Each structure stands twice: as C-alpha cells, then as structure tokens.
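Shared between the two complexes below is chain A, which has chain B as its partner in the first and chain C in the second.
So, the complex of A and B:
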C-alpha cells in the first residue's frame, strides 16, 4: 500500500512541471506583455507611471529576456508562494484565490457526497427491480439528467424560484453576511444557500453514476455466488448489500478521478450563473479582462486540485480493492 | 472474445456465432437468414429492436435536415434586428382552423407601460394572421450550392412579421436564430468528433498495437488530460484566440480545441479493442500469412472495430455539443454575429432577461432534446454492435 502511494507521488513533480508550463502559456498567450496592458490600464484610470518604475517592473519579470528565463523567474516566484498581483483587483492573487478556494472545494465535495448518496440507492433499486416501472422512470430521469447542461438547470431553477416563490437563489450569503467576518450565523446562512449549487451540480453526475451502479450490480447479481447465498437462505436485502453491492461500488471509486474535474468544470459555469463567490467567476472575469497572472494562477490551482482528486481516488481504490494493491506491487 | 469483422462474406464466423444464439422471438424460418446475413445486417437487426433508439434516430434526422437548410425553416433573416419589436412573446402556430389545415397565429399588440416605459406585448386573439406553406421570402443559399427563396411557413401578407418563438432584446426573431444555431451547434459537434476520431484512432491504435513504452507514454498522457477539469482549460485556450479572427477561423479553432481533450475517450476505446483483437485468430493468421503491419491494421483490425467506433463517436457528439454550449454561453466560444445554441443562451444569462422573456430559455430545450436523442441512439448502437453485453 505504502509502495503504491509512493509510486503515485513520484509522478507528481513531472505533472506539476507540465501544468506550470501550461499555466505560463496561458499567461503569455495574449498579444503583448502584461506590462503594456498594465500601463494602458493606468493611463485609462488617469494615473501615470514613470519610466523608472516601468523599467523596474520589466526587470523584475524579466520581460526583456527570453521566454525560458521568464518562465524560470515566474516559477521561482510561485514556489515562494508569490502568485503575482492582480491588475484588475489590485490585490495579491494568492489572497484573492485563498478567500474563494474554500468555498469552491466545499461545493465540489458536497456535491460529490450528494451524488453518491443519491446515485447508489437508485442504482441498487434499479438493478434489483430491473424492468419495473420505477426502473424505467429512473432510466428516463437519468437520460434527461445527463442531457441537461448544469447551467440550464440553474437558469430554470432561478427563474421558477423567483417567479413562483419570489425567492432569489443566487449567491451564497444573504446580503447582511456577504462581507461579514466568519461567525456561526454566517455558517448557518451559508448552509441555507449552498444546497442549491450542490444539487444542481450533482444532478448530472448522479444520473451517470446511477447508470454505472445499475450496470455493475446487474453483472454481479448474475454470478453464481449470489445464487449460492440465496440457496443458503440469506435474506434478500442482506444478500444484496453484503456482497454484490460491495463489489459493484469498487468501479465507482475509480470514477472520482474523472468526476471531480467534471464537478470543477461544472461549478465554474453554475457559479457564474448563480453569481457565487468561488474561483470560477473570478477566472472567467480574469480571462475577459486579460488579467493574465490571475488567470494563470487559477489554471494552476485547478490543475493542482485535479491532481489531488486523482491521487485521492487512486488511494481510495487501492484501499478498497486488494487486487489493485497486489497488481501494482 | 473479440468482435466479428464487419462486412464478412455470408456464412462467415459472425453468422455462425449469431445462428448459435438466435434472437428471441424470431421465427425459425427467419433464423435461417442469419446464416447468410453479413455483419452490418446483423447489427441493423439488433438495432431495430431498440425502439427508443429508432425514434431518436428519426428525430435526429429531422434536426439534421433543419441543420442542412436552416434558411428554408427560418421565417426571416436571423440577424435582422427590428428595434420596434423587442421582447415580443411567442406566437404559437395554430395549424387547423375550422377543421381544415389553415395555419395561423394570433397577432400581438404592444402598449407602453407608463411606469417602466417598456413596451408590453399582449397576444390579440381578435387578430388572426394567416400563414402559408412554401411561400416566397428572403433569399438564402442552400448548402452553398444555389439560391432559393421558398420557406416552410410564412405569413400570407409580406409586410407582416410573425415571431414563432418570440424576439430577443434586439428584436431579432428567435425561431429563425434557433434554426441557424442548429446548423452551427450540430456541425461543431460533428467536426470536433471527426477530429477526435482521427486523433483517437491514430494514437489509440499506435498505443494498442505497438504496446511497450509507446503505450505507456500515450496512456499517461491520456490519464493526465482526463484528470484535468476540461472547461477551465478550454476557456484558457479560447481566450487566447485573437479577437480579430473571423467567425470561420474561430469556429475551426474551437473544434480543434474541443477535440484536443475529446480524443482521449475514443483513444481508450480503440486501444482496448486493439489489445483484444491483436490476439484474435484472424489477426494471428494474417500475420502468419505474411501480411505487413499496415495491411493488418487497415484491412483486418480497423474494419472489425468500425461498429464500435461509430457507437463511441455517436456518444461523443453530445459531449462536444454541450461543451460548445458551455463555452459560447460564457462568452468564450463562438462570438456574435455567429449563432449557436450557446450564443443564443447568452441572452438568457441573467434573471432580469429570463423574467422578462422566459422564451429565451428555449434554445436550451433544443440542446437537451438533441443531446438526449444522441445519447439514446449511441446506446442503442453500442448494444447492437456488441452482442456480448
């Protein structure tokens, strides 16, 4: 088990290198260097900057040097924990992201939990009651759930809630708590709001997962050991839950690897529609205003979150399924 | 167990296997036909039993016709903005009048709200606007081949305008925009999937056929790409496209960007098939008979996988369509004046517009129906292509 985890960890530096190159590409992509747009922005807001300061900045970022050196300078700064300053917000990027990261990750994790909590019972029910009307209903709902883009769900929900119930489901906090420091009241207020994006994000994944669970369990239920247990007189629910379900859940664990990135993707769009204070809308805005150091930093954060997600799913899988541990070592 | 070759001559391995397990409910007389049926026919027979997939296929055929000649279905130029007709509500088509097929819509009457100074439209049942099939309207080009001016449904009087799905904030006709958007959204899905198939077959095939370190590198690359959240990556890439690019260039750039991640799923599928087929008797036989690698791959392995590739690609199209919708919705995909479902949904991005004009959400319904049908069709094809599941 330990050897397996270490093996996975050894791959990390390589991945981080690739991702940092990509993030740096994002920063470099727009025409002209960022200093030009910075100066333009300052000029637009009426303040001027003298040549000396420009030169100092140029020196700091190595803008007059080859791209490779600029990259090295940027990476060293990132490793020291300096993600640069946002031109748009006029604040350090790290601080901007840190505030929103917790909410982003909590929404993702909660919707992962929601997905599992709903998909597994549905999958079990559908498989044990194959071709019943409930199974057909779930199948139809699953198809519709997969086909509905999450932002459509958000838009429709927003509209229905406003039109028929007169409530607004946007944001994560009531107005009086938006800028308040963390307190018990703020947490309770957050819990009152957070379920909306969590459910919206979870629906598509729930549909997919329930289908996988159903198929896996159906495969297991046809195996002789199930027949054997039934012949021995084990109560049906115990028989299903004890053996086939356990085996059918294993492949689901490996889906976390691709499902977490999907959640982060989806949460970006949903958060934009619902106007949530997560890193998604900030990323969109940074791309539109060409605040590239912030955009690059967020890309890097997304990649890191993805690595952590894959790592966790690999470890969980090895923990749950001894066959994988054996195979790797 | 591998798959049967597609288009094997009658009485081939596939037919023999199929006959050993006759389909339930098929008469003994008909069962004889299995002995002589080529594989594509067997696949078709199995597919035909999947009613839902057949129905989805029919709907998609209709959508494709709309996508091929949107001008015929449009009632007016999709980019024509009429400033006096903002946010006109849906004018539903009534096909029958007094038991006869005489389509009409009710007219609308606008009144300016004295408080908000906004035009408020009301459907006016006293005013019937007759519609005509195949009337002459604005000229459009059919597949870039020739000009035509016939339209499916037009008001009888040329001066009257009808808005079957209402208008948006600039007074553009949403129905006409929706049919043009269908063309762009559907074709972007198709083109992106074709690119993905190409990359997927190439890299997946190379990975599966050669094995060893080539396989290792490609598999790791796929893993890394699949572990990344795709939308932020696509957003970062599309944001880097120069703003000065023409609509066509942006369109192609986006298909390329979408397929940069999309190929991984197909490559996995292809690799898995290659691995299992490589050990199959007919491949071993071909190798022993002295066939070159290229011939084995292109004459023996790829045709055998064709039905699976088609099924997997069908399932990949809806993913592409949804992703394009996401990107355009966020304003980072196609940009106006291009029209796609995502661009149309951009109009419904905030609560105020939806409350004012709920019909702006309708392009979302088009997305859902199309994606739903493609998924059902893809599942049906996959089941038909693989009798062992």
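So, the complex of A and C:
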C-alpha cells in the first residue's frame, strides 16, 4: 500500500512536466501575444502607444525570444515558487489566484459532497425498489437533470429568485463582505450564498451518479453472495448496505478523480453567469488577453488538482477494495 | 411407525409473474424430510428443484412468489410465537419472507449451501467477517467467542490453518477450500436442516468426492437432515436415503433410494436411469437419451407434463388429465396413469 502511494507520487513530477509543456504551447499557439491584444485594447479605447514603448515592453517580458526559451524561463521561475506576474493585472499571479482558488475548491468539494449525499441514497432506493413509482419518478428526474445544462439552470434559478422572491443570487458574498478580510461573519455570509452554485453545479453530476449507482447496484443484487447473506438471516436493509452497496460504490470511487477537474471547467460558464469570484472567469479572461503567465499558472494548478484528485481516488479505491490492494503489492 | 418429519412440504406452488406470462416453476410439490435423513431432489435443469429449495427458505426473488401450499417446519431451537404454530409446526409459507420469524429460522434452523460457492462470498469482506456475522446473528456471543466458533467450524470442515484463512478473502482460496468455507458458514449455527443446492457441480471430481464425504460425515455426527438438490443421479445414489424426482415443477416419483434405483415406476425415472452410462454397456454404443427436450416454461403441455416425451404415452388420457402422486408400493409414490388408471367418464 505504502509502496503503491510512493510509486504514484514519484510519477507526479513527470506528469506535471508533460502537462506544463503542453499547456504552455497551447497557450502560445494563437497568433500574436499579450502585447498585440493590449495594443488592440488601447486602440479601442482611443489611446495610442508608440513602437519604442512596445519594443521595450516586449523585451521586458521576454516576448521577443523563441517560445522554447520563454518556456524554460517560465518553468525555472515556477520551480523556484514564483508563478510570475500577470501582464494584464500587473499583480503577482499567486496573489490573484489564491483567494479565488480557495472559493473554487470549496465549491467543487461541496458540490462533490452534495452529489454523493443525494445520488447514492437515490440510487440505492431506485435499485432496491426497481419499477416502483418512486423509481420511475427518480428516473424521470434523473434524465431531466442530466439533460439540463448547468448554466441554463443557473439562469432559470436567477430569474425565479429575482422575479418571485426579489433576491439576487449572484456572487458569493453580500455587498458589505465582498472586499472585507476573512472573518467569521464573512464565512457565514459565504455559506449563505455558496449553496446556489453548489446545487447548480451538482445537479447534473447527481443525476448521472444516481443512474450509475442504480445500475451497479442492480447488477450486484443479482449476485449469489446476496442470496447467501439472505439465507444467513440478515435483515434486508443491513444486508443491502453491507454487501451489494459496498461493491456497487467501489467503481464510483475511481471517478472522484475525474470529477474535480470536470467541476472546474464546468464551473466556468456557471461562474460567469452567476458572477462568482472563482478561477473560471479569470482563466477565461487571461486566455482572451493572452496573459500567458496567468493562464499558464492556472492550467498548472488545474493539472496539479487533477493529478491529486486521481491519486486520492486511487488510494481510496485501494483502501476500499482488497482486490486492488493485493494486486498492487 | 415412522418418525415424525421435521419438514413437510405440501402442494407447494411457486410461480414467477413475468411480463410474458406466469411461469409455474414449482407446481404442487409434496414431500417430507425426517431428522437425520438425506433427501435427494433430482431432475433436469429448470425442473424447479432449486426454486423448491429457495421456497423453503423463503428467499425466492421477485417476480417469483410462493403462491400456495404449506411448508410445515418443526423448529428445533428457535421459539416461534404460539399463534404461528400448530402441533409444533410452523407454516413457513405463511410467514413474512423478510420478517423476524423467518429470519430467525433462516441460517439458524435451515441453512443453505448455494449453487455457486465461487461467488457466494462477498469479495471485499474476509471469510472470517462473514462467518462471525452468521454466528452472531443467531447466537448471543461476543466477537471473540464468535471468532473461536468460526475457527472451530473451519477446522471441522477440514480447512487447513484456519487462523490464516480467517483473514483471507474468498478469491484467495482454491475452489475446494472455498466450498469448504461455504459449508462452514452454512453450519455456523448448527442448523437442523441443510439445503444443499448442487453443492458439487462447480468443483472438479476429486474435490467433489471429498466434499460429499465431508457432508455425509457431518450429517451423521450432527443428525442433521439434508435436502440434496442435484441433477447427478450418481451423487444421489451415494448420499441420499430418500429420492424425490421432479419434472417441470411437479413431483413425478418419490421413494427410498433403493426402490427408486432398482424398481423405478414412472417412465421419466426409468428413462433417467437408462441414460446413465454403465461400465457394462458395450463400447461404441449410443448413450440412451430421453427423446425431445424440456418444453418452454410458457408452453406447459396439458395433462401429464411428461407425455410429449413419454414412451408409454396413452393418447386421450395422458394429454387430457393430470395424474396425481399416489402410493405404489411401500414408501414409493408415483404419478402416472399406467399405475393408477385415470378416473373414467370425463
């Protein structure tokens, strides 16, 4: 088990290197650079900038050098713990990302929690009461949930909240807390707002997970070990929760890892619609303005989270399923 | 005078209600089991022998349901409310399958050795966990005492170094050991009646013989009754003292093992016995098989279920009326119009 985790951890730098190369070159791929879009923006607002200034800036940022050299310079700085300065915001990237990252991760984790807490019981109920009216009801709701794009749900919810309750559900904080430093009051205020994006982002995943849980459990319920447990005289609920549910959940554990990055990218549109101070909208803007160091930093952090998420789910799976544990050792 | 039975199945009917129609998997089965007796339940695949076993345990899964008949069981240890009893018998068919009474009988009084020992342990729980669970369900013992009982059971069924196997997972054991572990689990609470559903089909012949010997010696030591479900007449001859032959959900013949093997009365039993290869048959001769195949469950022939494949088929009788099980000689019963002429004038 320990060897397994260490083996996985040793792979981490290699994966990160591959991802960083890929990320950097993809970000560089569009024609032009930050200055091109900067000049265009200035021109649009009526200001002009002379060529000498542009060349100076280009030299300052190292934009006049070949891409490979830019990458090496960037990576060496990252390795030293310096994520660079945002060209667009003119502030250190780390500082820009930090606050938003905390909010993004909390939304992601909370919606993961919401998804599991709602989907697993629904899946269990549907499977154990297959073809009952409640099962059909959940099935219909699940299809609706899967088919509804989350930004659409966000728009509808905003409209309903505004039209019928007169409240605005955008943002994560009340106006008085938006720029306030972290305090107990701010956390409570956050909790009052955060459930909206959590539910919106979680609905689709909940529906999908409930379907999968139902199907997995139906498969497991037909296995002989269930009959054997029943023949022992175990009460039905205890039996279902102890054996087939345990086995039906195992394959789902490995999907937690994919779920985290999916929430990040999925939250981009929803975060824009709901005006959430998360990383998504910032990432979008950094791509539009070709603020490559900020975009690179964000992609790198996404990759880290994806790798860590996969690692966590692999460890969880090995912990939950002795078959995997033994195979690895 | 014969000993009183501990189980008396009377006209048991278990039907499966499918969208395509009703499958009468068990359609009027009657037999008795006495303490310390091994009753063999034989028949081809799909004749309802397994469903009969599951019906007794009341673990038939939907859309299947016990719809009629009585399963009279005399509890040996478990006390059941007086209201449920008559002359010391409980009618299991009347109990709630998931209710407390039925659950207190399952595992403690009547235990199951399932058809597939390979898949009958949960792969993510240790053998020990599942054994201890079975023991603690029915006996007021703590974790440690249960562990000692479990180790004792594993030793009894001949599992070497039980302390190690206790912490093993089922897929770490060989087929034979797994079957032994399953038997240990079935015996965990010293049941009075064991339902062994084809316990030897999934294992190789050498191990088969060992498992059969084990079951026989355990049965003798404990004076345990066994309902032995199999399609293998050779196995039946080895273990059973009484045989119930089933065809399409009905009992066609039943009797002491010697009578069934030496003077089978029903044409189906006769055909079954003919189809066993013998050492004395000349080489290169064809193995006699029963002609035709089992009818589709939705297409149950009218009258005697066996008449389309029967050599002694009597048109006008066998395809019109259903014969009933009647005594032939001694303890041997059969349901055939050759032995009991059909009532006239119908």
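The rule we apply is simple: the second predicted complex is superposed on the first by the 291 of 329 C-alpha atoms of A that agree within 3 Å, B and C clash if a C-alpha of one lies under 4 Å from a C-alpha of the other, contacts with A are read in each partner's own complex, and residues count from 1 in each chain.
The criterion applied here is as follows: a contact is a pair of C-beta atoms (placed from the backbone, for glycine too) under 8 Å apart; a residue touches a chain by one contact, two chains touch by 3 or more.
These numbers come from a predicted model, not from an experiment.
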Partner contacting more residues of chain A (chain B vs chain C): B
Touching partner for A:230 - first (chain B), second (chain C), both, neither: second
First, second, both or neither for A:283, with chain B first and chain C second: first
Which of chain B and chain C A:69 touches, first, second, both or neither: neither
Which superposed partner A:250 touches (first chain B, second chain C, both, neither): second
Contacts of A:151 with chain B and chain C, given as first, second, both or neither: first
First (chain B), second (chain C), both or neither touched by A:187: neither
Which of chain B and chain C A:143 touches, first, second, both or neither: first
Footprint overlap on chain A, comparing chain B with chain C: none
List of chain A residues in touch with chain B within their complex: 11, 15, 18, 22, 26, 29-31, 143-144, 146-149, 151-152, 155-156, 158-159, 162-163, 168, 170, 257-258, 261-262, 264-266, 268-269, 272-273, 283-284, 287-288, 290, 295, 298-299, 302-303, 305-307, 309-310
Chain A-facing residues of chain B, complex: 220, 223-224, 226-233, 235-236, 239-240, 242, 318, 322, 325-326, 329-332, 345, 348-349, 351, 354-355, 358, 361, 364, 367-369, 371-372, 375-376
Residues on chain C engaged by chain A in the complex (per definition of touch): 54, 57, 59, 61, 98, 103-108, 111-112, 114-116, 119-125, 130, 133-134, 137-138, 169, 171-172, 182, 185, 188
Residue numbers on chain A that touch chain C, as the complex places them: 223-225, 227-236, 242-243, 246-247, 250, 320-323, 326
